[in-house]
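Below is one structure, written out as structure tokens; comments come after it.
Residue numbering begins at 1 within each chain, and the chains themselves are lettered A, B, C and D in the order written.
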Amino acid sequence: MKPIYIWCLAMLLAPFFSAIIIKVKAFFGGRKGSPFLINYYTLIKLFKKGSVYSTSTTIIFKLGPIISLSSAATALMFLPIAGIAPVFSFNGDVLFVLYLLGLGRFFTIAAAMDTASPFEGMGAAREAYFPIICEATMFMVLILFYKLTGELSLASYFSGNNPAILWNSAGSTMLFVVIALFIVLLTENSRVPVDDPATHLELTMIHEVMVLDHSGPDFGFIELASFCKLFFYSTIVSRLLFPLFFPFETLNPALEICSLICVYVAAGVTESVMARYRMDKVPKFILTSFALASFATVIIMEFIK
Amino acid sequence: MIEILMLAPFLTGIMAFFLPRSSGRALLVLTGAFHLGLSVLIWIKRPVALFPDYFAVTPEGLLSLLVISLLFFLIAIYSTGYLKAAKIKSEHIFTGSMLIFLATMTMVTMSDHIMVMWIAIEATTLASAPLIYTHRTKASLEATWKYVLICSVGIAMALLGSVLITLAMDIGKVDAPVSFSALTSVAKQLDPTWLKAGFVFIFVGYGTKMGLAPMHTWLPDAHSEAPSPASALLSGVLLNCAYLGIFKTNKIMHAAGLGDFSGTILIVFGLISIIAAATFILKQTEYKRMLAYSSVENMGIIAFGTGIGGIGAFGAIICLIHHSLIKSSLFLTSGNILLGYGSGLIEKTGRLAKLMPKSFVAFFGGFAGISGFPPFGIFIGELFIIVGAFRTGHFFVAGIFILSLCVIFAGFANQVMKISFHDTTAEEIKITEKASMVWPQYALLLTSIVLCFWLPDSLYQTIIDAVATIGGGY
Amino acid sequence: MNLFFLSLLIIFAGGLFAPLIRRQFFMMKIFSVFTIVAGCILGLVDAGSKLISPGEYVASFKYLKSFSLSFQIDGLSAFFLVTIFAISLLASIYSFHYMDKTDKALRTATNYLFFSLLIVSMALVVASKGMITFMLSWEIMSLSSFFLVIFNYEAIENRRAGYLYFVFSHVGAMFIFAGFGVAYAHTGSLGFGQMVSLPDTFKLIVFILFFIGFGSKAGVFPFHVWLPHAHPAAPSHISAVMSGVMIKVGIYGIIRMYVLLNYHSPVIGGIVLAAGCISGVLGVVYALGQHDLKRLLAYHSVENIGIILIGTGIGMIGVSSGNVPMAILGFSGGLLHVLNHAIFKSLLFMGAGMVLKKTGTRTIDILGGLIKKMKITGTTFLIGSLAISGLPPFNGFVSEFLIYIGGFKGVGLDRMTFAMSLIAIISLAVIGGLALACFTKVVGVVFQGEPRSAAAENVDEQGFSMLAPMLVLAGFCLIIGVYPKFFILMAMKGVSSLGLGYEWIQFEPIVRMTGNITRAAALFFAVVLFVLIIRALAYRGKSITRSGTWGCGFTQPTVKMQYTGSSYAASIIDFFRPFAPVHEDHPPIRGRMPRRKTHYHSHVNDIAELHQHNVIVRPVLFFFDKLRWMQHGDIHLYIGYILLAVIVVLFFV
Amino acid sequence: MIHPVDTILSLVLLSVLFSLGTSHLTGLIRFVAFQGVVVSIVPFFIGHEMTGGGLLFTMVTLWIRGVVIPLSIYLVIKRVAIRREVEPIIGYHASLFAGLVLIVAASVVSYKLNVPLIMKSALLIPTAITILVTGMFLLMARRNAIAMVLGYIMMENGIYLVGTTFSTRAHHIVEFGILLDVLAGVMVMAIILQNIKQKFDVVDTAVLRTLKE
């Protein structure tokens, strides 16, 4: 039952962590910033409301939030959080998870296209474009991990002491992987410098513009889904950054929380010190992650004969 | 029996010069039927000729004879409809020449003596010349002039070649009749140098008549200017007759152990013909000329296959038979198109599928057949030739062969698509598609389909016998 | 075997008699459809039973006295037969309402004739054992499908498509001829059995010839040029069969010849894999750039053929490097993708056919909002889109999953295999992402949003016979995606009869793997259900209002302002620019107050098509143009040719 | 020792030269007729066993080659009444020169050929080859259609001479058949010539170049 508790905990805590970024940005901006529980307030507010649906939309519009939340939540079930075995794991589950997130993306885009709004279409096009390169990076990382472990499941990479083993066999090249994954994190979750969630100009948005027409609990689902997704990637990065695992179990969640905070802070710092890239420069940025991952893979290939 | 077969059409041909139109047409069909019947009888009975020195029933001759008979009969039926629609002025000359042409071609298939063969082939030229000039236009006159002169000069070479072969006999101190069958049996004693020289002259000579490039030059002109039944006859059987001369000489060469020499010549000229055909099919503007070049191509294929030997020679004979059936059907259909649209230019045609559906079926079927699509027989012939070419180690030439076939197909298909489906300026079709003007083509195509899947025992045996001496057969 | 031939006979009868009873249009359709369906069901049952219990099913007929037409159905053949019969069955049902132009009775009848001939010949190709049989069926298949492509020959692009297809299929056949020729050169046998005994170098040559020949039928880059032209030209049920099944016959050829040659060089695997990667990526990139719905789907066939080839290539590399799990996973993934692609691609083509029929256009950018009026078509098309994008829990994911796992098995091996596996995996990942982008574009622009033109308004969906096959296919997309065990076993049966010595393979681990997919899908469904319940609770007693889409402050949006498919794909295509050059037609605007209307048209060029014209067609035409001088009309030189021929040849006496 | 035939043959060689150099068609016909006569009677001298049939055959050949064929062409010329001269492709002087070269080449070739001759006539083979090739030369070098036909006849004469020289196998029936063919061929050509004149009003083959690619 423990994995399920952990999963529930993750679902509950995900909004909290996202607030850290906002806080960090506020700090850099010299502001006090909204409280740490701001995301919970927002969610509660949204769930209290009703909805307005565009006359252009169809059932797909309603399916969008549901599927994207479900896919993000399901993805978390396969992830060993705090090194504790996940709810379900099998050889090849990484593929399932990545494609499941793809399914969520498909429906987010479809829901955006459903509104007949030119802005949402624009955002959808970008949402369809950038993750392609991310996916390539992810698979490059997977190849590397497979080379090191011979396994194809998140559990075998991130649970228990496994991240440490990865570091052991790969050495410092693992740093490249971490950076690559961090870039993927920024891209997949529409953070600066790829996308600015706080911008006011719809023309330059990616994720936010796609959900313009959603309201009420539907929008709450979407927000929750994006918190979960960010949590998913952050956990991966944090497990790699802090590959420690204590034999006594209570310490591990605490460590996880600390390391997660580090990752979120890092994301917040990145957002604060960087400006959003021009749209046509973004692919180059994401390609950097692919290049790093490939470089790491090639180097490892030379190490391990 | 054989002599009757030759004489009967000759006499009826002379008769036809003096008969009125309607009875002339009837005579054409009747003679065709009679000829076909007698040929089948000969096929079954295999009689011995009255003058065995000059005439003989050989397997390859029998094959050609049967093809000629069948084709002539069907073309005669078609002609009745065509002549009614085409309104030719001097119809009796046309009918008479057709019949005499038949007589001369029969003589080619039956002749065994080298010189008699030459006489017969030269006679086919002379008998068919009036056919080409039927329309009495300047272009047809030019075509006739070129046809007669080029073929005569070419065939004169064959005469010289025949003389050289007798010289090879003299030098080899051989005393035998100057017949193909006798020479084949004593071929080893013939003087090889003069035999080779003789083959070269005979090859170029009959090759001119057969339409092998670069001696094919008369062929597109003659085929496109002649009225369609005559074109069908020219392309379907006359070329076979010339091939028969080369085939028989090639047999002697094989028997003399010079098969490599003759084979190489056949392969090279076969390839040149195919490439030449590709050249002119690619941007052809007239459909009958295109069909004529397709004949050049197919003669090239047949020569190529014969040169390859083995299973390739078997394929060549199959191609020979099916080319006759399919190409004559195509030419007959082109007659319908010409009458229907009133122009020989491809750009003046179009939408055949809609405007003349019955002719379209025949035309497209013929095209598919000639391009080597099953269920028509050329497919199987080409398959055998290609695998045979590889089998004998001719990898490079087989490659060229295949690539040229591809180019030809691309060109041919382009033109056929234009005729069949493209938009047209023609408002109406000038003729109705009568049964007599489509069913002969269907019959020809059907025969090809049937023969692709089922060869009668005797026919198969005849083919095997024919190619046996040149290392052919399965 | 008798049952097999009987089913073919029934199918053929369904087409053969159609032209004879064309005057009773309705009767003819009923007769043809029922007969073809009956034949297909019979064939399906027969092939299915042979797949379940593979054995030596052989038949041979004497042909031209000393040759033979021989047939054999093993596991591989049976697998393809099942696909052929199943898709043809549904396509012929679909055609019943699709072909409803009474004034084109003859053409409809011809369509049924060649349709039945196509089914029969495909089945015969797959069942043939021997060069003559194979080529005979193969060429009949090409010929009959050509007639189906030029069904609507009034349009010039359809004629062009037909021509291209005709030339490509014939040239491809010539390459296969050559392959058989080289094989025959060494074995002297027209049967398939002796091809094993070829020397290695010849095996490589033969395989390359076969690969070009079969690849041009399957639509492998760069031999795919005909495909995006031909598929839109054909009627939709034919596109479904051609894209779903016929091009797979090319894949069958490649696999079959690989098995027959029994030559396990890494080079062969490398060639297949590389071709697969290139076809896959470029296929989907070109698909993104299309404006024509059916053309887009056609390019996706190139992409999916690429995926299948990646699977097969991984299988071949597995064989050559002795890694049995990799080989089995690669082959079975490839085979399963054959079935899967057949299912979702024919589903998508049928959906596109419905759109075409009801709106009269295939142009993506003038459609929109169709799902509101065409609920079943829209939903099934959506399911097909999800499946073709390889997303769980649909069938496309399962086969790609197998291929991925197979590819990862290669990562652990030697350097060369590692490199190839790496390329395969990354390509698959990129293909997946691009396919997702492409199908969100299609679904979003065609089925969602607001109608962009009058054509897309006032549509409906009618015709039970057209809807039922789509529902069935969509159902199968989901069934295979959630419960793939049975279908993977089917593919494994096919693999085990490849003659690679894998008859002994244990299905156990693979079955366990499929169980995991089922369980994961169930987990996902559970979460979805959970979210649905929460949603229902959250909305209980809430007011739901409807209004216009939020225009970001703009108050009078028009339908023309919607994002178009072209702009949706523009930036992605830009990423692949050297391989996907965009041709833009956009006259500049003149003057301060421009009076004249301007327009914008963009077109993504297919580099294979572009270069095939520049590198092959133009030089060939140039060469032959120069030769045309030969026929100049001057009789004197003609006579000179004769003399020249004599003199030249006399030198060799 | 100079064989009596050689004397006649040297005359034939001379006539070949003349026929290359002449621009008058009637003159050309005369030379061709002369060659035809000589060609027909040569077998008479070179040791063929002369039977009654052989004699008759020789007479017939002489009649046809020497009289009928040239006469028919002559009639054509009269009928079509050519007024204008047609320029040849290769000029008369050049042709003459070519003829000289040809004769020399023919002698060299025949010397090399080493054919076992029936009788010792040094000029027989060179003459045969010369006539043959001159015929072809005329076919290629003359634009005048009538000259071309005459070239064809010359070529046939050459082949006949080769045949009679080389081979002892005189099948008169067969040879008669060949002769008949040649005759019929010339007749057909004559008819075509008349038609050409009717349709085009010239016998210049330059007008016959419309059928081409």
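FYI, contacts are C-beta pairs under 8 Å (C-beta built on N, C-alpha and C of every residue); 3 or more make two chains touch, one makes a residue touch a chain.
Keep in mind it's a predicted model, so treat the numbers as computed, not measured.
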item: Maximum centroid distance from subunit C, chain identifier (CA atoms); value: D
item: Inter-chain centre distance, subunit A versus subunit B - centres from mean C-alpha coordinates, in Å; value: 77
item: Centroid distance [mean C-alpha coordinates] between subunit D and subunit C, Å; value: 69
item: Computed distance of Cα centres, subunit D from subunit A, in Å; value: 100
item: Length of the line joining the C-alpha centres of subunit A and subunit C, rounded to whole Å; value: 36
item: Sequence positions of subunit D contacting 2 or more other chains; value: 136, 139, 148, 205, 208, 210-211, 213
item: Contacts with two or more other chains, residues of subunit C listed in rising order; value: 628, 630-631, 635, 639
item: Per-residue multi-chain contacts in subunit B, two or more chains; value: 145-146, 149, 153, 220, 280
item: Which pairs of chains touch, using the document's own definition; value: A-C, B-C, B-D, C-D
item: Residues of subunit B touching subunit C in the complex; value: 145-146, 149-150, 153-154, 157, 193, 196-197, 200-201, 203-204, 207-208, 214-215, 217-218, 220, 261, 265, 269, 275-276, 278-280, 282-283, 353, 357, 368, 371-375, 379-380, 382-383, 386-387, 389-391, 393, 395, 398-399, 402, 405-407, 409-410, 413-414, 417, 420-423, 453, 455, 457, 460, 474
item: For the subunit C and subunit D complex, residues of the former touching the latter; value: 628, 630-637, 639-640, 643
item: Of subunit B, residues touching subunit D in the complex; value: 54, 113, 115-116, 118-119, 122-123, 125-126, 129, 133, 138-139, 141-146, 148-149, 152-153, 156, 159-160, 163-164, 166-167, 169-171, 178, 220-221, 224-225, 280
item: Subunit D residues within the subunit C interface of the complex; value: 89, 136, 139-141, 143, 148, 205, 208-213
item: Residues of subunit C defined as touching subunit A within the complex; value: 368-369, 371-372, 382, 386, 389-392, 397, 401, 404-405, 408, 411-412, 415, 418, 421-422, 425-426, 428-430, 432-434, 436-437, 439-441, 443-445, 448-450, 513, 516-517, 519-520, 523-524, 527-528, 530-532, 535, 538-539, 542-552, 557, 559, 561-563, 567-572, 575
